[in-house]
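Per-chain residue numbering starts at 1, and chain names A, B and C are given in the order in which the chains are listed.
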Amino acid sequence: MEFRDNKAIYLQIADYVCEHILLGKWKAEEKVPSVRELAVEMEVNPNTVMRTYELLQNKNIINNKRGIGFFVDESAIENVKGYRKVQFIDDELPVVFRNIYLLNIGFDELKAKYETFVKENFNV
Amino acid sequence: MNNTFNINRFGLLLKRQWLDFGKIYLGTLVVLIGIIIGFYSYFIPSIHSNNITDYDGNLDMRFRYGLFLFLGFLFISIIASNYFNLLGQKSRAILELMTPASVFEKFLSGIFYTAIISLFSYLLIFYLTDLAFVKYLNSNIDAFKGINPKVTEAQSISHQLFNDKNYLEYCGYFFASPFLITSIFLLGSVYFNRFHYIKTAISVMIFSGITAYIIFKAADILTSDMVRVNHGNYRNNGDSALLLILLITTALTLIFWAIAYIRLKEKEV
Amino acid sequence: MEVIRIQHILVYYLTNTVSMIKINNLNFGYSKHKPLFKNMNMQLSNGHIYGLLGKNGAGKSSLLKNLAGLVYAQSGTLDVMGFNPVKRQPALLEQICFIPEEFYLPSVKIDSYVKANAPFYKNFNHTYFSQLLKEFDIPASNKLVNMSYGQKKKFIIAFGLATQAKLVIMDEPTNGLDIPSKAQFRKIMASVLTDDRCIIISTHQVRDLDNLIDTVIMLDEHDVALKASVDEITQKLTFKKVKELDESIIYAEASLSGYNAVMPNYHNEDSKLDMELLFNAILAEKIKFKPLFN
């Protein structure tokens, strides 16, 4: 995986895990890769992956079954969405807002753009 | 496991050292055999020459004693000088020093290869080559009798060694000398980082020069203005001088080995 | 966020209680007039990959050699797993995997090298060794003399790791490795860190290894200029791109789109440690960092 420059590695790995859960690659109640396996795959220090898993445990996205390993929580998708929403609102939205303000984009225009985007990309 | 000496580990070390040292050693051995055979072929009595006997009327093989000493010195000193020379190269020294064997074991394997194996193999090879040539000459003794009817068969060195009482007795006094040579050159190979052989040889020459000068001067001063007094019952006991040589060479050998051990222990990269 | 942090700090201290290496008042130099380390103190524990950084000549290799017992310090004590390394005792040597920057291998086949050297290590794992060779793409039948520098390096790394030594010391391990080999190396190093192992890697090619290192040790001016975990660093400092310089910035370097800056982490931001930037920042602004890390 290519890491970006600005975000802490353990958070980027958390995003990677969340992405897999949202895309259904790792399903609820299924085992996720062990700390070591994921560390090898990402070419990072296992302690970093450990930190990611601690974070995801606290967000109830994965849980630790003692002695067996980490599993996707049954309500993981919901919790990932909640976690990502907070992240999006805190980190990414301010940048978008700044541009909307600077470039004087109206909310109507924005809404129309948003609807076409959803239609084109997700066929709703 | 004992951190100073463990026989299993020592065995492993000998095997490991052979991997590196063995090639140089075997190479030198092949050259040595070539040189011995070359010299013998050139110097043994030939049916085309007139001068084929020594003072005792045997086939003349006197060249071999000088050859034996000279080649022996060269061979064991070269082998000893090579053993620790890898410690002069940083990258090789790291590999050697990090090998999980004690310093004592590493040192002992040095002695094993330079003093015991090299000396033993030299003697064996020289004696065997000598034996082969002697056998060859003796099988043609009739041809030599054609030149000089009184000529008798040559004897091999090994035969002389085991049957001639004097030979054995005097050799005994020089027992430690080859070890002294290897100990000096082994020390040189730990002490110097480059050009071990030359540097060791020069150091030895300088030191022995100084020692000889001091002894000569001391004797001169101690005996100046003195007259030799002969009490008639004075017995010239030559053996005590030889015994002294044995003791001194043994002591020096042990001292040089001890210094080499300490140098090895303190080697830094 | 706070809970995690406390948990993390707890884990950090629990694992940190066992020091594998204790350096006390170490004074070292190749000559008496040019000291390299003055009264150096440091403790290293297992379960970590330490990244040893420093300018050329700051003494990275010398520190590693001190730990391996290859050089003698002028004064001070060194304790490596309860041993004094300069005694060069086999019981310690078999627990050290030392990968020097420049190395030598005899011109024999891999097989005979292993046969001669592996028996010295009680825990040598032959299956693991062949697995590592496979991961590094080295045919096991190769003769060591015919291999390229990079291949040789991968070979000694594989051999060293297969000894299962507790202390792994590597001096510029990625030097001479091509790009795929560097990735293989990172994967292997990620897999070898266990709780009972201590891994120390010196490097000046920080980008090769920055995600592997969990604790940074920086040498400068005869001493340890910084020793801190990546977590601690990013907790205290934040690394980001800024458009303009302001008071709060400790150190900044111009980049295409503004500046790459280091500043105190006032707002508890999570940023990615830029090791190269930190390195330059500490060299340039040593005094400003002193109060932050102590």
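Rule of thumb we're sticking to: contacts are C-beta pairs under 8 Å (C-beta built on N, C-alpha and C of every residue); 3 or more make two chains touch, one makes a residue touch a chain.
Predicted model, so just to flag it, every value in this text is computed and none were measured.
*Asks:* Using C-alpha centres only, name the chain that sits farthest from chain B.
*Replies:* If we average the C-alpha coordinates per chain, A ends up farthest from chain B.
*Asks:* Would you identify the chain whose C-alpha centroid lies closest to the centroid of all protein C-alpha atoms displayed?
*Replies:* Ranked by how close its C-alpha centre lies to the overall one, first comes C.
*Asks:* Centroid from C-alpha atoms only, then distance chain A to chain B, rounded to Å. What do you get?
*Replies:* That gives a centre separation of 78 Å.
*Asks:* Determine the centre-to-centre distance between chain A and chain C, using the mean Cα coordinates as centres, and give it in whole Å.
*Replies:* Those two chain centres are 31 Å apart.
*Asks:* Could you please state the distance in Å, as a whole number, between where the Cα atoms of chain B are centred and where those of chain C are centred?
*Replies:* Averaging C-alpha atoms per chain gives centres 49 Å apart.
*Asks:* Under the touch definition given earlier, write down the residues of chain B that touch chain C in their complex.
*Replies:* 1, 3, 6, 9, 12, 15-16, 19-20, 86, 89-92, 94-95, 97-103, 265-266, 268-269
*Asks:* Of all residues in chain C, which touch chain B in the complex?
*Replies:* It is residues 65, 68-72, 87-91, 93-94, 96, 98, 100, 102-106, 108, 112-113, 116-117, 119-121 of chain C that touch chain B.
*Asks:* Which chain A residues qualify as touching chain C in the complex?
*Replies:* It comes out as residues 3-9, 11-12, 36, 39-48, 50-51, 54-55, 58.
*Asks:* Would you tell me which residues of chain C are touching chain A in their complex?
*Replies:* 3-4, 7-8, 11, 47-49, 183, 186-187, 190-191, 193, 211-214, 230-231, 234, 239-241, 270-274
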